[in-house]
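Pasting in a structure now, in structure tokens, and then I'll have a few things to ask.
When the chains are written out, they are named A, B and C in that same order, and each has its own residue count from 1.
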Amino acid sequence: MTHIALDAIVKNFGAVRVLDGCSVAVDKGTVMTLLGPSGCGKTTLLRTLAGFVEPDAGRVRVGDRDITDLPPNRRQVGYVFQSYALFPHLDVAANVAYGLRVRRVGRAETQERVRKALDLVSLSAFADRYPARLSGGQQQRVAIARAMVLEPEVLLLDEPFNALDAKLRLSMQIELRKLIERVGITSIFVTHDQQEAMTLSDRVAVMRAGRIEQVGTPIEIYDRPRTAYVAAFIGRANVLAVDVAAGRVVADPAIAAARPDGPAWLVARPENLTLEPGGEGAGWRGTVAFSTPQGATIEYEVATGAPEPLRVVTLRKVGEPPLPVGTPVRVRAVDPAACVVLEDGPDGA
Amino acid sequence: MALEAAARPRAPATLLRRILHGNGIWPAVPALLYLFVFLALPMLTLLAFGFVTIDRGRVVGDTWTLDHLKAALSDELVWRLMWRSFWVAAVSSLLTLILAYPVAYLFAETKGIWRTLILVAVISPLLTSALVRAYAWLVILGGRRGILNQTLLSLGIVDQPLRILNTDWAVLIGMTQIHLPFMILPLLAVLAERDRRLEEASLNLGASQTGTFFRVVVPMSVPAIFAGLALVFAISYTNFIVPQLLGGGSYSTLAVQVYEQTIVVLDWTRGAVLATILLTTCFAFVMGIVAFGNRLARWNEATT
Amino acid sequence: MSRRLSPIDRVGRVVLGALAAFSLLLLVAPSIIVVAISFEPRGFISFPPSGFSLRWYEHVFANRQLTDSVVVSLWVSLATAAIALVLGVPAAFASVRGTFAGRSAANAFLLSPQMMPGMVIGIASLFFGAYFAFRASNTMLILALSVFCLPFVIRIAMARLAGLDPRLDEASANLGAGKLETFARVTLPQMGPALVAAAAFTFIEAFDNVTVALFTSDVRGRPLPVELYYLVQYDSSPAIAAISALEIGLSFAIMLVIARTVGLERLGR
């Protein structure tokens, strides 16, 4: 059942169209991630949902209510800000109690709900600390408690892990995912980090220049990118110009393609390619241009005469050195069915 | 609720919201109106009073006239007073710069309690009435009984008391000391926050410390120097308290004349004309200082 | 740092240090001298004072005209600070947070009184009042002084507001607070110290001001600076030193307030 619906949202900042007819639907109790590079409009879309941005066109619905015209303070939408926006002049308990005070909730009930919210994020011992004296991870948990104590219908999180150092990030991501599952709240994350999107979400919406490019589960997005842009943004991909004839990509060996005849683009993940030394037999021919041993794997760049070299990741055996630069090799797809054939190439070519 | 919201026309809702929004001009409107009534209109009145004839606070006659302005501009005394106002302000601004720069530099180099003490030494005079400080100079410089002469005579440095009070010297000394904090403060902010790597670069490239000071530190602070010069010049040029008290009864400047014509002689027309001349020339000189500063600091211009 | 200094650098340091020391002495010596001579037991000034006595302070407190003028000045300064604060804080809010057309022009106009010499504001107010047949009065003084002091409040408030994170306001709205409630619960508490400093600064500026006051104040019930101005012109008894010493004490109290709220260094900006 759709819980949050953003419907054809348009927003211009001056002459710049930041959102160009964005539509997203999020099912009740699921986690959606808006993923895209900086400037793609993902934060603006989230701010539209919270009411900080007034859309020029389009509607915003939560449950069966149209909230497009509600001011931010009348929406039941929890929001965790990038770098958290904790009130510096209030201690942790007062930060969490803020929304309850504004709503004139009684003193006893406020105390009880603040206590529960702080328990939920395991911060009860820090109730009388000021935000300046908390670590980044603790601040994040206060921000979450401050939003959750109001029992909002949905929870929005704007790059919540940006302010944390890399080590802390992964464990906090897992903690947060568990917390959201426990409470069962419909949530939307914004991030530019694809790994974060994979860890956190049920579904991912990849954004590009104010539009939604593709929506799906993390695995769908990775395995079946609908455009070369999505393929290149999620993980790494080789995008090759190929020809399709009689339902097959013209290559050796041929790859099945449910496409009309003519030019097309083949997307192959580096780990779905393998190489063998020697210039004879099936596959793309080329020479090793560069190699990087990465421990368990070796990454090769293979020059094939195309503008971009092919990237190939192979498993490395103990004691095995990479092939020297200049070695003639043949590159083949490990699983031809895992390759994707698209009509449009990179940058809409 | 959903239907209501969807059916409501958007335009009036957003207009009302914009007024309540807090991003509009509305919070500033009371202050703007206040300044319009109690600053802009009075300034217009002041300008206008120079071009009408006034007798005992009443406008007499109903025509505009340039006679008063012409009379003032053809009066040799006015030009002499303007010249004195100018050079006194110019010299005392330069003196404040020479005295202020080392203090600001020292402040930037010190830490802890000394820093606080310097700050107190600079700001406490700023918060003390200029009248009190002029009085202090009256006591220090004044005649045979003046503290300076008492000291110099008793130490045998001079055998005749120096005559400083009621001369240009007294006015210059008083103005320089009283306006010193206004020069130190802008320099202090800039020098304390300057990028010291530039000086390290200069030393690394072979310049001496003195060379680095004059080639890097001083040029980098040119915007602050000229901001200070413009401010101190303007307040010195229009100061009438110091010339009156330290220059003596017969010492006059353009600003002193404005005061005397308006409050003592009660010739408001002449007061208004002289005030207009004072304000206009002050702006012109300040613009000159700012323009010169900008020429010296073209690197500081915004890139747009 | 003193290692391997060339002779010219040594001389440069000495000159710089000497100039700094001289100018710091110049800054504080007059105030110290005034305070010292206020304890003079005799009827004329000498330095160092010939003894210690508080007779001139008693003299000052017994002088009805002086104590009355202090009361007038207190009221005038309080009213000025109140008006400047009430008008200036919302104006600073619009200046910093506003997104309306003509904002920079509005800003320039709001800060324009600081371009005007006090004397010109005083004369202009006097003439404007006279045009409507209002005579100089302490009400006129309050109006003129509040115009004169408005930029101080606006600048201090703007500096503080610009340092506040606008996302805190969004967070407050998101948690259910309206515009006014957000202002009261989030913005004002964070601005509090800056506002105390602005009020203190405005108060002392109004209390000390003589250039505006000479033109606009009441002939009866003169404020202290005007009273002092006439005294200084015709008299140099240690009584004036006693009043001056009291004013210096007041300025130190104000400085302490500013130091404890926004910090003295902020005044320079």
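Definition applied: contacts are C-beta pairs under 8 Å (C-beta built on N, C-alpha and C of every residue); 3 or more make two chains touch, one makes a residue touch a chain.
Keep in mind it's a predicted model, so treat the numbers as computed, not measured.
In terms of C-beta pairs in contact, B-C outnumbers the other of B-C and A-C. Taking the mean Cα position of each chain as its centre, A sits at the greatest distance from chain C.
Taking each chain's centre as the average of its CA atoms, chain A and chain C sit 55 Å apart.
The distance from the centre of chain B to the centre of chain C, with each centre set as the mean of the Cα atoms, comes to 15 Å. Shown for chain C are the residues that touch two or more other chains, of which there are none. Residue positions 71 of chain A each touch two or more of the other chains. Interface of chain C with chain A (complex): residues 165, 167-168, 170-178, 181, 185-186, 189-190.
Touching chain C in their complex are the following residues of chain B: 20-28, 30-32, 34-35, 38-39, 41-43, 45-46, 49, 57, 59, 98-103, 105-106, 116, 118-140, 142, 145, 147, 150-151, 177, 180-181, 185-186, 188-189, 192, 208-210, 213, 234-235, 238, 240-241, 244-245, 255, 258-259, 262-263, 268, 271-272, 275, 278-279, 282.
Partner chain C is touched in their complex by these residues of chain A: 50-52, 71-75, 77-79, 81-83, 85-89, 98-99, 101-103, 146-147, 150.
Interface residues of chain C, counted against chain B in their complex, comprise 5-6, 8-9, 11-13, 16-17, 19-20, 22-24, 26-28, 30-31, 33-34, 37, 44-47, 86-88, 90-91, 93-95, 97-100, 102-103, 106, 109-110, 112-113, 116-117, 119-121, 123-128, 130-131, 143-144, 146-147, 150, 154, 179, 183, 201, 204, 207-208, 210-211, 214-215, 225, 228-229, 232-233, 236, 240-241, 244, 247-248, 251-252, 254-255, 258, 264-265, 267-269.
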